[in-house]
Amino acid sequence: MDTQELYSRGVAVRKQIFGAEAVDKRMGALGEFGAPLQGLINTYGYGDVWSRPGLERKIRSLVVIGMNAAINRAAEFKVHVNGALNNGCTPEEIREVCLMVALYAGIPAANDAHRIALETIRERGIKA
Amino acid sequence: MDTQELYSRGVAVRKQIFGAEAVDKRMGALGEFGAPLQGLINTYGYGDVWSRPGLERKIRSLVVIGMNAAINRAAEFKVHVNGALNNGCTPEEIREVCLMVALYAGIPAANDAHRIALETIRERGIKA
Amino acid sequence: MDTQELYSRGVAVRKQIFGAEAVDKRMGALGEFGAPLQGLINTYGYGDVWSRPGLERKIRSLVVIGMNAAINRAAEFKVHVNGALNNGCTPEEIREVCLMVALYAGIPAANDAHRIALETIRERGIKA
Amino acid sequence: MDTQELYSRGVAVRKQIFGAEAVDKRMGALGEFGAPLQGLINTYGYGDVWSRPGLERKIRSLVVIGMNAAINRAAEFKVHVNGALNNGCTPEEIREVCLMVALYAGIPAANDAHRIALETIRERGIKA
Amino acid sequence: MDTQELYSRGVAVRKQIFGAEAVDKRMGALGEFGAPLQGLINTYGYGDVWSRPGLERKIRSLVVIGMNAAINRAAEFKVHVNGALNNGCTPEEIREVCLMVALYAGIPAANDAHRIALETIRERGIKA
Amino acid sequence: MDTQELYSRGVAVRKQIFGAEAVDKRMGALGEFGAPLQGLINTYGYGDVWSRPGLERKIRSLVVIGMNAAINRAAEFKVHVNGALNNGCTPEEIREVCLMVALYAGIPAANDAHRIALETIRERGIKA
């Protein structure tokens, strides 16, 4: 497959998960400087890995939330809480993942995860 | 609920996930020295969090695999690959999680995860 | 012991360490969404582990400060600097732990730890 | 060599890399409380390791940027992006290091690195 | 560019860095299970990022060594010490990076890095 | 103070903590290649930080054990469990630190810490 097709497929998948406006904003945020990274994210991240069969998108979101909470990447965690909600995850499922974080990455990681997850859920106007 | 009941429920859940023999072996491995930690794991880990509704056990396994791969805990990762297989995850689903690790925690983490996951799957006599 | 008793004991211990107001505020901050995590923290964190004999509370505080500095959890680090001061640790002892962080987790971790520790000590009106 | 000479050499090297004003500000920021850490940084960090032959300063800067991005130390990362520019690294070279971060520490680490690097480069009035 | 061309270019670059035999061995080690990850590594890692102009390959190797030492990935660290030697880095330059690790990721990380680096250098029959 | 005096003081302190034989073995293990790192460890680590008043050596050991367990440095953790025992820490105190690790860095970190701590304690012929 041509990398340009892969890139386009990735942008489409990414917009399905996060919304067109959010993706356009993120893709443009760092201009020329960020273009090569956006290329990697779209082509390989969303055009390739996220487009693979074998694991439903909703589960991918929950796994990504758990990983980002564990490795302490707050900004990425927040982005993927939004993605998880768009992929059909419930606030309860997201909260359960945050509780698993307490067991495997510790209470400080779980505290940060709960705080950001709830803030993000409420920004969406979802009661939780 | 009495903590002893919670402990017993945790041991039962843990044995459903990993098998009675494996759990008995792990619970006894560090004797008196490890008893308080085993108490925490059984009571709070399996008796409480893993026993909660709101997220199916199979998804919990995949999230835990992703987290342990990302935070570089090889022994725990291996234990939970076995648990994931017992919880009905397929080798393909486990592999997809390991590919997500490449995106969010990097290629070195994904290399370690793939190696240990395949080794564990094959030890089970599963073709992959 | 009943988990409710353990929970109550944990809340009492937690309030001894951080003050009733601070604990009430933290326990309520995330409402229903955070309740299960607060349950884990109170029951297992403070009702169980922190309530164990075998290591004095002041030393537990210094160990927790060192761990949180090393794993880069700024919010938890700040909470436990306050706890350490309440547990009778001196600013000098806290500073010595932050210097140990430089050796074992590196200078960037030590810079963050020193900055937050001093800020927290000064918020308490303690000269340092 | 006397540690005081080492300290002085370190301060001189540090000021060559970051500028006298920035270094004076950082050295004084935490007063007495931070003095022992500043002593370690100047004597051992800059007076010893950074003063060693065997690796050019520009390469040291790029390695430090990569390490701090990978271990999630944003403040230190920003400081060393400024140092890298002073040591003759180009915005392109810094960006290439940030892309390497995506491969070895993951996309969330690379996103944070790109954002802070570009912000820092632009604060210097450098077009990128 | 077609992803197959990118893949082929990546394999070629990878073999220049690590040697054909080592790469063939690694590419085949996990069979079908590891094929998608090898695809990511070859296409995006070596065909794309490592093939970019803007940073010389030797510096990329030193940055990757520093990052892997800091994030505690021993297997990947060892692979890239070999790559660094093939890319023209001297044992002294590799050692200097390992000393920078002490400053930014701590002495435990530096101890592991020095041990593995020297072992790898000696396996090559290089005196150090 | 002359750095050579600081180095000598550091070697003396280090030998008090770990024993002369163990220190001589570690100092010589990496020959010329490791000499600059050993210089940093002896001069700054033990001659400076570990020699500071303000925190008793026994507490420093327990903090270092907690930090190394949290950041996943098994070799350094083991070295400092031996040091802690030499500094008068009891197996019970070391075990309590390992239980704190479960709360703040997660169960996988606590499992590794308990396993290595008990193995090390038993190698000393201490019943636990």
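The letters A, B, C, D, E and F name the chains in turn, as written, and every chain counts its residues from 1.
The working rule: contacts are C-beta pairs under 8 Å (C-beta built on N, C-alpha and C of every residue); 3 or more make two chains touch, one makes a residue touch a chain.
All values reported here derive from a predicted model rather than from experimental measurement.
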*Joint neighbours of chain F and chain D, given as chain labels*: A, B, C, E
_Chain at maximum distance from chain F, centres defined as averaged CA atoms_ = A
_For chain B versus chain D, which are copies of one sequence, does the interface use mostly the same residue numbers on each side, meaning over half shared, or is it different?_
same
*asked:* Which chain has its C-alpha centroid farthest away from the centroid of chain D?
replied: B
*Between chain B and chain E, what is the separation of their C-alpha centroids in Å?*
30
*Chain centre separation in whole Å, for chain E relative to chain C (CA means)*: 40
*Could you list which residues of chain A touch at least two other chains?*
36, 40, 44-45, 49, 52, 68, 71-73, 76, 95, 99, 102-109
*Touch graph across the chains, line, ring, star, complete or other?*
complete
_Per the contact definition, I'd like the list of chain F residues that touch chain C in the complex._
44-45, 49, 52, 54-55, 59-60, 62-71, 73, 76, 92-93, 95-97, 99-105
_Contacting residues of chain A [partner chain E, same complex]_ = 1-3, 6, 36, 40, 43-44, 48-49, 52
*In their complex, what parts of chain E are in touch with chain B?*
29-34, 36-37, 40-41, 45, 68, 71-73, 75-76
_Could you list, by residue number, the parts of chain C that touch chain E in their complex?_
102-109
_chain E to chain F touching residues, read off their complex_ = 72, 91, 95, 98-99, 102, 106-112, 114-115, 117-118, 121, 128
